[in-house]
Amino acid sequence: MKSIAVLTSGGDAPGMNAAIRAVTRYALVNGVEVYGIRRGYCGLIEDEFVELQLSSVANLIQRGGTTLLTARSEEFRTPEGRKKAATNLKKRDIDGLVVIGGDGSFRGAQKLSEEHKVKVVGVPGTIDNDIYGTEATIGFDTAINTALEAIDRIRDTASAHERTFIVEVMGRDCGEIALYVGVGGGAEVISIPEKPTSVLEMAEAVRYSLKRGKLGSLIVVSEAGKPGHSYELAKKLEAEVKSPVRVVVLGHIQRGGTPTARDRAIASALGIGSVRRLIAGRSDLMVGIKGDLVVDTPLSEVVSKKKEIRLDYYEMAQILSK
Amino acid sequence: MKSIAVLTSGGDAPGMNAAIRAVTRYALVNGVEVYGIRRGYCGLIEDEFVELQLSSVANLIQRGGTTLLTARSEEFRTPEGRKKAATNLKKRDIDGLVVIGGDGSFRGAQKLSEEHKVKVVGVPGTIDNDIYGTEATIGFDTAINTALEAIDRIRDTASAHERTFIVEVMGRDCGEIALYVGVGGGAEVISIPEKPTSVLEMAEAVRYSLKRGKLGSLIVVSEAGKPGHSYELAKKLEAEVKSPVRVVVLGHIQRGGTPTARDRAIASALGIGSVRRLIAGRSDLMVGIKGDLVVDTPLSEVVSKKKEIRLDYYEMAQILSK
Amino acid sequence: MKSIAVLTSGGDAPGMNAAIRAVTRYALVNGVEVYGIRRGYCGLIEDEFVELQLSSVANLIQRGGTTLLTARSEEFRTPEGRKKAATNLKKRDIDGLVVIGGDGSFRGAQKLSEEHKVKVVGVPGTIDNDIYGTEATIGFDTAINTALEAIDRIRDTASAHERTFIVEVMGRDCGEIALYVGVGGGAEVISIPEKPTSVLEMAEAVRYSLKRGKLGSLIVVSEAGKPGHSYELAKKLEAEVKSPVRVVVLGHIQRGGTPTARDRAIASALGIGSVRRLIAGRSDLMVGIKGDLVVDTPLSEVVSKKKEIRLDYYEMAQILSK
Amino acid sequence: MKSIAVLTSGGDAPGMNAAIRAVTRYALVNGVEVYGIRRGYCGLIEDEFVELQLSSVANLIQRGGTTLLTARSEEFRTPEGRKKAATNLKKRDIDGLVVIGGDGSFRGAQKLSEEHKVKVVGVPGTIDNDIYGTEATIGFDTAINTALEAIDRIRDTASAHERTFIVEVMGRDCGEIALYVGVGGGAEVISIPEKPTSVLEMAEAVRYSLKRGKLGSLIVVSEAGKPGHSYELAKKLEAEVKSPVRVVVLGHIQRGGTPTARDRAIASALGIGSVRRLIAGRSDLMVGIKGDLVVDTPLSEVVSKKKEIRLDYYEMAQILSK
């Protein structure tokens, strides 16, 4: 292993920089050169490579976003695009590629491996925590803490005005963010894509909450692929409960920010783990977290299997909201 | 002065609890009884009074929201409502009333004073900082810091994706929040009700920003009485700049949360100032902040004059965004 | 199972309130009465019991400290003390006791069980993460995030002045806090009780750091049972490196504060888990976290075995600090 | 005015970067070249100048510390040192110098002006808020918010254990930090250099607090030139109140961190104000904040007069702690 490259792809997530730093430092300490690729697969195709030194990643661990930038690339979905990408790697004698990103990014990585024998290791970086093969993705912990801070604030206003609030959090097909934020925020109702709550159930919960003398109610719902759908939901709920329902769509504030201790730790462990595997001659896999350990899953499994929602956790939420 | 009452009215603001605490402690230390009225003018009409002790306000200074609750009262807009209110005060021999709230609340207070000779002192509590007669209102400093934290996070994502974001902050007729948040967040464009920026001007700023090689642009706009209007704005801007524009509506997360040091200080000073004036036999005024001092303004002026936007500050914003 | 009691013992930790809430809600939902005991074992001996309702734990999940208070009890170390404790439980027909605390608290719980057949379940609550049988204790995640925030601030000053700082964090025999904070803060040196770093090694690291052109160095050390020992250490290090070394002892700011999302989640899961086991007739055990699961360990093992430091993690720290 | 230079000197303060940014942008927009001098007066003597562009100050407003670095210079206290400094400015035809720093830095600036006719404008940047001629210094607002966050955490532990804590905050001759932090944190006692509280008075307050049934007491004291003096104080107080007293020395965590909204605003206004005055041909003055305005004070007054402590504020603290 003489040299490797690293890129970030898909939505940015806090801790991506910490992962880039770990990849770079671990490689350099082990005598492996490192190239950073800017703008994800776009830069891979358009040959935006920059050699990384220790100084390139100084004072980086605590920064949100990604210093390598990220973008979505249509061209990389085509065989021609991927061929250009592989050519750029080969002309520099780059033996391995670390892809920090989500589901879609790994699908691309897998094709690059199949078609051009590029050795790829995936590092799960997305706030959604929707990746099979890891208990946690880089960015998830920061995102739920950011959302929770917002919820704690909204609870103040909900109580002061004795009002119902719907808080819409991120998460397309996966309710992990809503689930953790709902539990941590003491929400009266949590609605996730895997277990949607009907308007009638919501109305019942709000009425029960009023009956118990609670000051205000919080309903946490996943964006579920329809950002802003909560405005419509609020109208329907208002019609049921005959009192005003406010909406807050947290949106992009959940993405950025200084990563938490846990995200820095996970990012560091996974970053190192990815390079260690490449050096050991292993690839076509994603490194993930299981308890205290770094574990592997073949990329083919990662992209074909769906992460199960923790039903025990969902039940816990139900109990705690009573 | 044997006893006074205190209420919070209108939208809640961080620091209202610190003001309630200061009112209570200063009154009790000076031998004056204090009643807290729950739910603002609603509770004043419906006789929801509770006597406050030192222990009622313990461990309260750092709490967001308002422990006395707040509400909007239609009935208080009628002479009959205000009569009930005055009766409730008189039957308890309450000599003075501290109203913590905004513009609308002071209008009500003034009528109560005119019609029923209730001695009223206003304390400006609203995140909007739109009150004549004070440089700062209770809650403004916390709100802009909360919004700024969100902006700092959004900047991470805007840079990582090299994208334009519109961030909509609170502020009906008054651009103070947008102005401070825009300056503090290094926004490329700030649009406030007093000086709206056209879509064409925004587009020009975004293009200039791209030309200078900036990673992403931030546009901060006031809600301006039309919460959510930024979605429409984004569409128009996208059509001009031919690239995606994302929207974040900060909404109610700007209201709650632990008050900042400054809001606790202002709230404490104004809370004490209000009781001091009642004890000194003065009323029909609002206490406000001017530099290091607590100053008075007649309620009649407060409700009839409009706070001027700081044009020097707006110009500063223009210079800094270049 | 008709009724249970819950207490917090030893040093307070963020998330204890979330655990109390989960214990209370899960018990009540399952038809079991709950008593809160104030001041830990002191209150158990002195009969300070208070019945808990749903409303007792409302708006509690986000609060730092412990609403049940905590204290160290000398009397509980004596057979007479524990006899009084058992008598107080029996006279109320309390069938099970949940003890939220650390090592020392579990030792007491175990004796109570042995001598008086009290059914006890332990919930690990301590910021130190030094308990055998769980990957994480309640409060650890918040503590490391708080410490990390402080470190990020100190890094600003260390860089601005190009200076060396020693930051002393909590942790008596266990280096977990220092390890995570050191990794997350990008420390140049980490010294933990399990692997102390000598002054000469520190000096070497500081000199290497200077040679590489770094702006300032951070050394994170555990308190290691000698709070404030860093002042002495700094003098020795100054003598070696011939330049000023500053010291910050983080101390008690690591204890309090709003719990993180993870601490709220762990506390909720463990709180529920503890009552679930009591209802199922199981006791003399501690509930702990392993990955996504709640697992059991006999109390006898918990108090006799020592949690191993994660050496892989320590090695990671070594690599990342190069 | 063809070109100016800017440096930061003395202890770093959050917002210094925002000031550097404002100086740079305002100068460039007005056609004036800007040089940044690294390491304060050291770099001025040793000729460490770097030309600043718009891109040099991008993404800087939210950063703690100072990107220009800071240092204390013994050589600048000598006429020879200042001569070298003046020579370096003159050889580059630099017409004006902006010094961001505190008291000591302004004394140096004044000498440079007297001896070598360098046109100097001071910008008050120090967390201590101890400068004559301004209501607020850059960094003060951030420092008190950071300290307050720590205090809020300590209050959790003080309450949970019903214990007394002494919290030592920064401030050599000036009690501003202790005063604001004590008021905002609801401290039972505040001791400042201008009005030291005796151990006996502290003991009385602690006993009164216990009598009132308060859970724990907080005593906020200024460092007062003797960092760590609180350990000694705690021993004396323990002897009086016969119960344990804990100490937290906040130290350097008060210096760094992301600046607050107010510090960014003040830094921006003062940074612009300083260049505006140089362009207008005015110098030998410090720009300061008075309410909403930027005001001037001759440097000779700034360095010879002492900022008065706000006695009204101190009295407020006394009342609120009762």
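Worth pointing out:
In order of appearance the chains are A, B, C and D, and numbering begins at 1 in each one.
Going forward, a contact is a pair of C-beta atoms (placed from the backbone, for glycine too) under 8 Å apart; a residue touches a chain by one contact, two chains touch by 3 or more.
Everything quoted here is computed from the prediction, not taken from an experiment.
Taken together, subunit A and subunit C share no touching chain.
Across the assembly, the mean Cα position most removed from that of subunit D is the one of A.
Subunit A maps onto subunit B through a rotation of 180°, based on Cα atoms and reported in steps of 5. Work out the mean CA point of subunit C and of subunit D, and you get 35 Å between them. Each chain gets a centre from the mean of its Cα atoms; for subunit A and subunit D, those two points are 39 Å apart.
Rounded to a whole number, the gap between the C-alpha centres of subunit B and subunit D is 28 angstrom. Counting partner chains per residue, subunit B shows two or more touched chains at residues 152, 155, 159. By the contact rule set out at the top, the touching chain pairs are A-B, A-C, B-D, C-D.
Residues of subunit C touching subunit A in their complex: 21-22, 25-26, 29, 54-55, 58-59, 61-62, 135, 141, 144-145, 148, 152, 155, 159, 180-181, 183-186, 212-214, 258, 260-262, 264-265, 268-269, 272, 290-292, 310, 313, 316, 319-320, 322. Within the complex, the subunit D residues that touch subunit C are 8, 11-12, 14, 63-66, 69-71, 146, 150, 152-157, 159-162, 165, 215, 228, 231, 246-253, 255-257.
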